[in-house]
Amino acid sequence: MLLHIKNLKINYKSDNRPVEVVRGIDLDIDKGECVGLIGESGCGKTTAGLGITKLIPERKGNISAGEILFEGRDVLKLTSEELRCIRGKKISYVFQEPFSSLNPVFTIYEQMRESLEEKDNPDSRIAEILKSVGLEKIIDRKNIYPHELSGGMQQRAMIGMAIAPRPNLLVLDEPTTALDVTVQRQILDLIMELKNKMSLAILFISHDLRIVFNIADKVAIMYAGKIIECGPKEKIVSSPAHPYTIGLIDSIPSLKHRKKLFNAIGGRAPLFSELPEGCKFYPRCRFRIDKCSEKEPELKDVSGGQASRCIRTISAELRSATPIKWNY
Amino acid sequence: MYQNNQRGAALRYSNKMELLIIDNLRKGFKKHKVRAVDDVSFSVFKGEVLGLVGESGCGKSTLAKLVLRLLGADKGSIFYKGKDLFNISHNDMRKTRKDLQIIFQDPYASLDPRMKIGKVIEEVYDIYKNVSENNRKSKTIELLETVGLGETYLNRLPSELSGGERQRVGIARALATDPEFIICDEPVSSLDISVQAQILNLLIELQKRKNLTYLFISHDLGVIGSICDRVMVMQSGKLIESGSCENVFKNPQHQYTKTLLESALLR
Amino acid sequence: MNKLTLFGLGIVGFFIIVAIFAPVIAPYNPGQIDIENILTPPSSSHIFGTDSLGRDLFSRMVYGSRISLMVGFIAVGIAGLIGIALGAIAGYYGKWADTVIMRFIDIMLCFPTFFLILAVIALLEPSIINIMVIIGVTSWMGMARLMRAEILSLKERDFIYAEKAIGASDLRIIARHLIPNAMAPVLVSVTLGIAGAILVESGLSFLGIGVQPPTPSWGNILSEGKAVMGAGWWMMLFPGLSIFITVLGYNLLGEGIREKLLK
């Protein structure tokens, strides 16, 4: 096991009392495996990703509990010196906006050199990296600045910098959300290629199920700070077990839809400061029963590595028999 | 010549229900020296949902603003119900504005941050005086309910609302003039997928119930496919392909359309 | 709100209250001459002492705060009206309106303001109204520029397009949507501008071409004090200190608003 996260809890400071935005998540990532973390805005997925290397700024929040074992060592117990050897080296990040992640006053070459390992010859290594991320064109252009590249090329450069120190884990937080459809596809292809070539482990964080289903081996879905369903991608796609997952999958727009209404999820996601009792999805759930509001369900195995945080078994019959309230 | 155009447009409206006829519309931006919209012509038929798909910077949002005369065009004409929008009196344009509305992409930028939700809607009644002073509040509440919000939202500020809720307010504002034609400019692109489905449901419902006509702009082929009857593909300011959704998606003719379809993560 | 801002707000509030309740606070009539008590140092009966005509300095200071603050507020009010209106027009309409207004601002900025004021006052009579107007019409340029810059970015926002789409008139868009949303930086400028106007008025009065005696203003009390500097230190200390503290108060408040609103 490359990364083993157990019961990770992260608090954010707020005006009166701290708010728990990651409320205990467990996540395992193996070498060469791509795990997709799906969730809608404000569910805590980005915070969870940052938490892996304690990247939460102290004035904003802190990790209050849990265990993060990376290559067998607990990240939370490392000194800041040891942490620096992991962060950005063994575990690299790529974020959504390539342009704001790049420093506009330094050339791509200079920025890339920063992320190299000491043993590498800068010129040959950078050429190698640029080639592997599809930027052969700029190998000989050492004085090229970020603004001279398109959004897609900038993101390629970011990915290049992330893989330069030969990391074992790449955390990608919405890496293609700011890009056009055609460019998005190219970047996804690039990520897949790198993953296979370098046997990289990837944590792919996104709100877009379509992308995650396209790229991930395993999928975890977050809602209100907890993982509510996880398992192999094929299982989740073909037989989602949690009502929220079902709703999300039913919400994916498709060409076949032809002006039929979506089986949408009603209501809105709760604020962390006013989470309901019991199952956090209960007020929006069309399969709810009274017992759901009593206590928050545990993540329990469904079958074949799939687990769901729901006390009911949502069969196909139940799905078609339960009316959808058009809560638009 | 001009008279003919005008009469032709009127006939096309009465015979074929071509609600909106866009003829050779062009708009360039001096700064960029490119034509954002390059001699675009198309018609929108009454009661249809016409999709417009293209990537960022292809000129689709500029086109939307041109059609509603929110931006001035360099060349071309727009006929609405046979009336030439570039050649009508100020007063007629004011009346016509009511019929043509727009919903924007970014729900954070499309509402005045200082204006309470109730006021956003009431302002429309204030401008058109189409609802008497006493009925304004109840009409506003009714409209908010139509879009899935309620009376409790009257005194809230946009900053207190989620993205989806703001988008509903944007839809309510567009509906307040009781329009016939609405341009939906990427209305769901910045929303989470579950909220996106809710808003699409709302737009589909409204379209059916009120027999509205939409020009629906999106970069997402899945979204286009799930709501549109016809679709047009735009690339660098030009319309390169159009047809019924089924035809275009099954049998794309243009290479760019094919690339778009291949890239889209469709199911 | 941080402590410095609160401190600034406290100073500003304190002097406004003093100005409003001047008749209640002042123990003597500010114009009442008392030949027997000329230039008495601060004492229990005259806490700030008396001036060269035996008038109670504390009462004159209290009434003087009315003049100083009034000049500050009204001058900046005039500047604000001109600046906001011209800035909004330049920003919203662009094209030739923008060119004309911006070049006019450039021309206005070429004049050394204080000497322009001196010249105008030399031609006109130095009444309070003239001083307020002249300070107002020579200090609006910064606000106009701020307003224009804000409006330039705001008018491209979707909610302005939405207003146009629902048929809102230009006047409504500018007055109800653009200006209120562009006010934050202007408000900072207004607060700092009040401090500036108070300083200019004091300067003019000090030079003897501002508010004319016997009407008391901080500037002309200071000016009178200059003549008797050796005999009555209190005549310069108290008005000088008041001007200093008030200007400091407005500047702190302005900085505070800037931090709060423009983050």
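Labels A, B and C are assigned to the chains in the order they are written; within every chain, residues are numbered from 1.
Note that a residue touches a chain if its C-beta (ideal position, glycine included) is under 8 Å from a C-beta of that chain, and two chains touch if they have at least 3 such contacts.
Given the structure is predicted, the values throughout are model-derived calculations rather than measurements.
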item	value
Graph separation of chain A and chain C (steps between touching chains)	2
Per Cα centroids, the chain farthest from chain A	C
Two chains sharing the most contacts, counting C-beta pairs only	A-B
Centre-to-centre distance between chain C and chain A (centres being mean Cα positions), rounded to whole Å	55
Chain A and chain B: spacing of chain centres that average the CA atoms, whole Å	33
Distance from chain C to chain B - Cα centre to Cα centre, in angstrom	49
Chain B partner contacts - residues on chain C that touch it in the complex	157-159, 161-169, 172, 176-177, 180-181
Footprint of chain C on chain B - complex, ascending	65, 68, 70, 94, 97-98, 100-102, 104-106, 109-115, 123-124, 127-128, 170, 173-174, 176-177
Complex contact set, residues of chain B against chain A	49, 55-56, 148, 162-165, 192-202, 204-205, 219-223, 225-227, 229, 245, 249, 259-260, 262-267
For the chain A and chain B complex, residues of the former touching the latter	40-41, 180-182, 184-186, 207-211, 213-214, 247-248, 250-266, 268-269, 326-328
